[in-house]
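In the two assemblies presented below, subunit A is common to both, partnered first by subunit B and then by subunit C.
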Partner chain A sequence: MTRIVLDKLFGAGVAIFGASLLAFLFMRVVPGNPARLIVGPLATPQAITAQEHAMGLNKPLWVQYWRYISGIFSGNWGFAYSTGQTVKHEIVARLPASAELGFYAFVFAFLFAILFALVATYRRRRLVDAAIRGLSFIGLGTPPFWLGLLLLLLLSQIWGILPGPEGRLGPNTPPPPTVTHFYTFDALIAGQWGTFWNAIQHLVLPAITLGLAPFAYLVRLLRANLLDISRENFIVVVRSKGVGRWSAFVRHALPNAFLPTLTAAGLLLAQLLTGTVLVEEVFNWPGIGQFVVESILRQDYAVVQTFVLLSAIAYVVVNLLVDVLYGVIDPRVRLPVAR
Partner chain B sequence: MATAGLARHAGEEIYARVRRDTARTLSHLAHDWSLSLAVALLGLLVLLAVFGPLIWKTATTVNIGNSLAAPSLAHPMGTDSVGRDVFARFNEGARISLSVGAIVVIVGALVGGTMGIVSGATGGWLDTVLMRIMDAILAFPPLILAMAVSVGLGAGLTSATLGITLTSLPYYARLLRSEVLRIRSLPFIEAAHALGARRLRILLRHIVPHVASTLLIQAAALFGYAILTLAALGFVGLGAQDPTPEWGTMITDGLQYFLTGQWWIGVFPGLGLLVVVTATNILADRARDILDPRGQYAYV
Partner chain C sequence: MSGATARVVSARESARDLVLEVEELETDFYTQEGVVHAVRRVSLEVERGQRVGIVGESGSGKSALALSIVGLIEPPGRIVGGTVRLNGRDISRYSDRQLQRIRGREVSLIFQDPMTALDPVKTIGDQIVEVIRQHRPMRRAAARREAVRLLQDVEVPYAERRLDNYPHQYSGGMRQRVMIAIALANTPDLIIADEPTTALDVTTQAQVLDLLERLVTERSTAVLLITHNLGIVAEFCNRVFVMYAGRVVERASVERLFAVQAHPYSEALLRCVPRPDQLERGPLPTIPGAPPNLAHLPPGCPFEPRCPVGHGVELCVTTVPPPVLVANSGDPVLAECHFAGERYR
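Moving on to the complex of A and B:
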C-alpha cells in the first residue's frame, strides 16, 4: 500500500513538472518579444533592453524556469502587464466568479445525472430510456458556446424570462457583503433576498450551458454501470428476498455502480472550478477563463504560466484524492495487482 | 499451380467475409433507428461537403447591398453581415470541419497508437518517458494547450489542427499501451514464444491485429472532440481566420446578431456541428457495442 501511494505521489510530481515545463517552453518559443509588447511599439532599444533585464529575459532558460517555479510556490506569481496588476491579484479577484459558476454547474450535472440514469435504467428499453439516451448524445454533441447563445436568444431576448449576458448581477444590484465570495451564499448570509434572487437568475443559463456536457457524460457512464450491476447475481438474490425493484436499484445497485461516476465527477469538478473559457466569453462572466484567453492573445507570459501550473496541480491533486478515496470505498483496490 | 489455387482460395474467402460483414452491418442498420438516423444525417453532411460547393454556386463574395437577408428561396440560410450566402459558406464549413476531423483522427491514431504500442511492447525507460510525457499533456488543460500551440505557430487552420492533434495523443497512447499489456499476458502469445517466433513477429502478427479495433473505436470517439475543439478555437479567434468559412468562426460572426434578431448567421453552423458530432458519437458508440463491448474509451 505504501509503495503504491509513493509511486502515485512520484508520478503526480512528474506530471506537474512536465506540464510546467511545457507551459514554460511554449511561452518562450512563441515568436514576439514580450518586453517589446510591454514598453510599446515606439520605445527605444534601450527601453526594451531595460525591460528585458527587469523581467529576467536575458538570463539563461534554466534560471528563468527556476524563478518561475520558485515564484509559484513562494506566492510571487509575476506581473500581468496587460492589466497592470500582479497575476495573484487578478486570479484571486476572478477565481470566486469561476468557482461559483463551476459549483452550480457541477451540482446541476451531478444531481440530474444520478436521477436520470436511475430512471433510464429502471425503465429500460422504454421510451423514457430512449429519450434520456438521446438527450445524453445531444448533450455531448452540442458546442457549449453555441448553446449559450441559443439560450440567450430564446429565454432572454425573445421571451424575456431571464437576464442577458450581464455577468454575475444586474447593473442596479450591488454585490452583497463579502464572506464566502459566492454571491448567492453571501446574499443569504446578509439576508438580502433580492440580491440572492438576482444572482440565481444570472446563474441559471451559464450553469446549464456549462453543465450540459458533464451531465451527459455522467448519465452515460452511470447508466452503463448500473445496467452491468443490475445483471449481477446479488441483485437477483436481493429481489428474491422480497425487496422491491426500485429499492433494489437505489439501495443495492447504485452504491455498487457508483465508483466510476465518482472518479469522473471528481475530475469534472476540478475542471469546472478552475474556470471555463468559452462559456465565460458568451455570458460576459468575470471569471478566470475569459482572462486567460485574453492573456494568451496578448502573449502575457506570467498569467498563462501560472494558470497552467495551477490547473495542472488541481488536476493531479484531484486525481490522487480520487485514487485514495477509491481505496477507502472499495477494499479490492488496495490489493497489489497480480499480473 | 498450387500457389494459384491457394490465391484463388484466399480470394474466395475474402469475398465471403466481405459479403458476410456487409450483411451483418446492414442488419444492424435495419434494426437500429438511431444508428440509421445518424448514418443518414452524416451521409447528408458528407454529400453537402463534397458536392455542395460544386452545385450551390451562389457567390460567397462580399455583397453589401444584400447583407443580413433572412432565409429565403434564393438564400436558404440567409446572408451574413457582408452579404455572403450562409448556405454556401455552411457547405464549405462542412468540408473544413470533416477534413480537419479526419486529419486529426488519422494522424493522432497513427502517432499516438504507435507510441502506445511501442510503450507497451518494449517497457523499460522508453515506456516510462513516453507515459510521463503523456501525463504532462493530460495535466495541461486541453483547450489552453491547443490555444498555446495555435498562438505559437500563428493563428490559422494548420496550427489549430496541429494543436488539437497534440492534445489527443495521450488518449490513444494510454489506451493502446494498456491493451498491449493485457494481450501480451494472454496464453496464445506465450504459445507463439514457445514456437520460436521472434519478438517483432509476435508484435506485428499477433499483437497489432488485436489492438486494431480498439484504435479504430477510440479514433471514432475522438472525431467529435476534434471538430468541437476546432470550432472552439475558431470561436475565440485562434483557429481559422475570418474569410475562411469555418463553423466556429461563423458562429463568432453571428455573435452580435444573435441579440438583434438575425439568428440565422450563427444558428446554422452550430446546428451543423451538433449533427456531425452527435452522429459520429452514435457511430462510435455502436462500433464499440459491436466490436468491443468491454473496452473503456474516452468520452471527451
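Moving on to the complex of A and C:
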C-alpha cells in the first residue's frame, strides 16, 4: 500500500515540476522583452538594462528558474508589473471567484449527469434516452459564451428572473466577512441569508453556462457505462433476490458504472476550478481567467508562472483525491492484504 | 404441451402437492432477426421437495425458461402467454413489486457463472445480508450473524473472517458456494439452478453438487436443475424434462428415461454422455447438425432435420408431433414424437 502511495506522490512531483519548467521556458521562448514593455516605448537603452537588472532577467536561465521555484515555496510569488500589485495579492483577489464558479459548475454538471444518465438508462424508454442523448450533443456543441449571452438575454433581460452580468454580487450587497473566500460559504458562516441568496442567484447562469459541456460529456460517459453494467449478470442476480429495479440500479449498477466517470470528473473539476476566460468575460466575473490572459499578452512572467504552477497543483491534488476515492469504491484497486 | 393431454395430466397432478406448476409458458425475444421463440408453450411441474432436471443443448431455451418463471425476462424479451403457479398461486399476472416479495424468499435462483454473479464492489457479507434483510425485518448485526451461519453451512472456511472479503478474493467454487448461501438464505420452497456447476472445474463441480444436494435434502427444498449434463441429472434428479428448440419434448422419471427413451433426441443426448468403461477409440459421439433457429422454425418436427428416425419422413417434415402418452402406470412418460408409441415397447 505504501508502495502505491509513494508511486503516486512521485508521479505528482514529476507532474508539478514538469509544469513549472514548461511554464518558465515557454514564457521565455516567446519573442519580446518584458522590461521593454514596462519602461515604455520611449525609454533609453540604459533604462531598459536597468529594468532587466531589477527583474533579474540578465541572470542565467537556471538562476532565474531557481529564484522562481524557491520564491513559490517561500511565499514570494513575485510582482505583477501590469497591475502594480504583488502576484499573491492578485491571485488571492481573483482565484476564489473562479474557483467558486468552477465548483458550482462542477456540482451542477456532476449531479445532473448522474440524474440524467439514470433516467436515460433506467426504464429503457427509447424516446427519453434519445432526448437525453440529443441534449448532450447540444451541450457538447454549444459555445459557452454564446449560451451565456442567450441565457442572459432570456432570463435576465427579457424575463428578469435572474440578475444580469454584475459579477459575484449585486451592487448593493457588500461581500460577507472572508473565511473561505467563497461568498456562498462565507455568507452561510456569517449567517447572512440575504447575501447567500444573492450570491447563489448570481452563480446560477454562469455555473450552468460553464457546466453544460462537462455535464454533456459526463452524461454520455455515465450512460454508456450504466448500460453496460445493467446488462451484467450480477444485476439479474440482485433482482433474483427480490430487490426492486430501482434499488438494483442505484445500489449496484451505479457504483460500478461510476468508476470510469470518476477519473473524467476529476480532470473536469481541476479544469473548472482554474477558470474559463470567455464565460468570466460574459458575466463580468472577477475571476482569474481574464487576468491570466492579459498577463500572457503583457509577458508578465511572474503571474503566468505562478498561475500555471497553481493549476498543476490543483490537477495533481484532484487526481490524487480521485485515486483515493477509486480505492474506496473499488476494492480491486486496493492490494489484497490477506487471502 | 397442447390441448386435452395437458389438461388431463394436470388435473391428475393437481391432487399432488406441487410447488411449481408451469402451464403453456411462452417467451419471445424481439430481435433484429425477427421474433425468437425461446420458450414455446412449456408446461412442467415440480412437487414439494422434488428434484427435477431440465436437459437440453445450449440454445434450447432452458435459461429463458428459468428467468421466465420468476418474471425476470428483460427487454427485448417478453413473456407472451401461459401461467406460472407457485405454491398454488398464479404469479404470472403479478406486478414486479409483488414478485419482489417472492423472489429470494419462496423461489431462489443460482446461475451458471459465479465469476460474474456477484457485485465486484460489495463485500460477500453485504450481498448475503441484502437478501436476508430484503425479506425479513432484521437488524444488520443479526443479519450478519445469520450470514456467517449460512457461509458455514456452505462450508466456506473461516466464514466469519471471509464475510468482509470481496468477490475477487474468492475462487470460482467458493463464489458458487456463496451463491448457494444466498439462494438458501430465506429457506425457499424452490431453487432454480441454471447450470450451477458448468463453469467450475470437474473436482469442484462434484463438491458443489454434493453440497447442494446435502443442503436441499436437509431443508427439503425442491430444485429445478437446468443442465446439459445428463450425468448430473442421473445423480441428482428424480424427474427429468428434455428440452429441444424451446419445447419440452420428453418428460419421464430419471429411471425410465435412462432405461428407454421415447424421443429420438433423448436417445441421442444420452449417447453423447461419455462413459469411461465404454470408451472406444475414435471421436466421441455427437448429434449431427445444430438446433434450429428459433426465429425461423421449420413447419414440422423441429428435430426432423437431425433425427435418425424421422429425417425425410413426410409426416415429420410437415406436422408438428403432438405429445404422446406412452406409458402411464403411475410413472407417466410423455413424448412429442410421431414414433414415440412405436419406439416405446
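As a convention for this text, the second predicted complex is superposed on the first by the 317 of 339 C-alpha atoms of A that agree within 3 Å, B and C clash if a C-alpha of one lies under 4 Å from a C-alpha of the other, contacts with A are read in each partner's own complex, and residues count from 1 in each chain.
Heads up, the rule we're going with is that a residue touches a chain if its C-beta (ideal position, glycine included) is under 8 Å from a C-beta of that chain, and two chains touch if they have at least 3 such contacts.
It should be emphasised that the depicted structure is a prediction, and the values quoted were computed from it without experimental measurement.
Placing subunit B and subunit C on a common subunit A by superposition gives a fit, with no clash between them. Once chain A of one complex is fitted onto chain A of the other, the partner contacts of A:A23 are limited to subunit B, with no touch recorded for subunit C. Once chain A of one complex is fitted onto chain A of the other, the partner contacts of A:L140 are limited to subunit B, with no touch recorded for subunit C. Using the contact criterion defined above for the overlaid structures, shared-chain residue A:E281 touches subunit B, although it does not reach subunit C.
Looking at the shared chain after the overlay, A:R245 reaches subunit C, while subunit B stays out of its contact range.
Applying the stated contact rule after C-alpha superposition, one finds that A:R3 touches neither subunit B nor subunit C. More residues of subunit A lie in contact with B than with the other chain of the pair subunit B and subunit C.
The minimum CA-CA separation between subunit B and subunit C in the overlaid arrangement is 12 Å, rounded to the whole angstrom.
Touching of subunit A by both subunit B and subunit C, each in its own complex, is seen for residues 339.
Interface residues of subunit C, counted against subunit A in their complex, comprise 67, 70, 72, 74-75, 96-97, 100-105, 108-109, 111, 113, 116-123, 130-131, 134-135, 166, 168-169, 179, 182. Per the touch definition, subunit B reaches subunit A in the complex via residues 34, 132-133, 135-141, 143-145, 147-149, 151-152, 154, 185, 224, 228, 231-232, 235-238, 248, 251, 254-255, 258-259, 263, 266-267, 269-270, 273-279, 281-282, 285, 299. Across the interface of their complex, subunit C is touched by residues 124, 232-234, 236-245, 252, 255-256, 329-332, 336, 339 of subunit A. Chain contact summary for the complex, subunit A toward subunit B: residues 11, 14-19, 21-23, 26-27, 29-31, 130, 133-134, 137-138, 140-143, 145-147, 149-150, 152-153, 157, 164, 217, 220-221, 271, 274, 277-278, 281, 292-293, 296-297, 299, 304, 307-308, 311-312, 315-316, 339.
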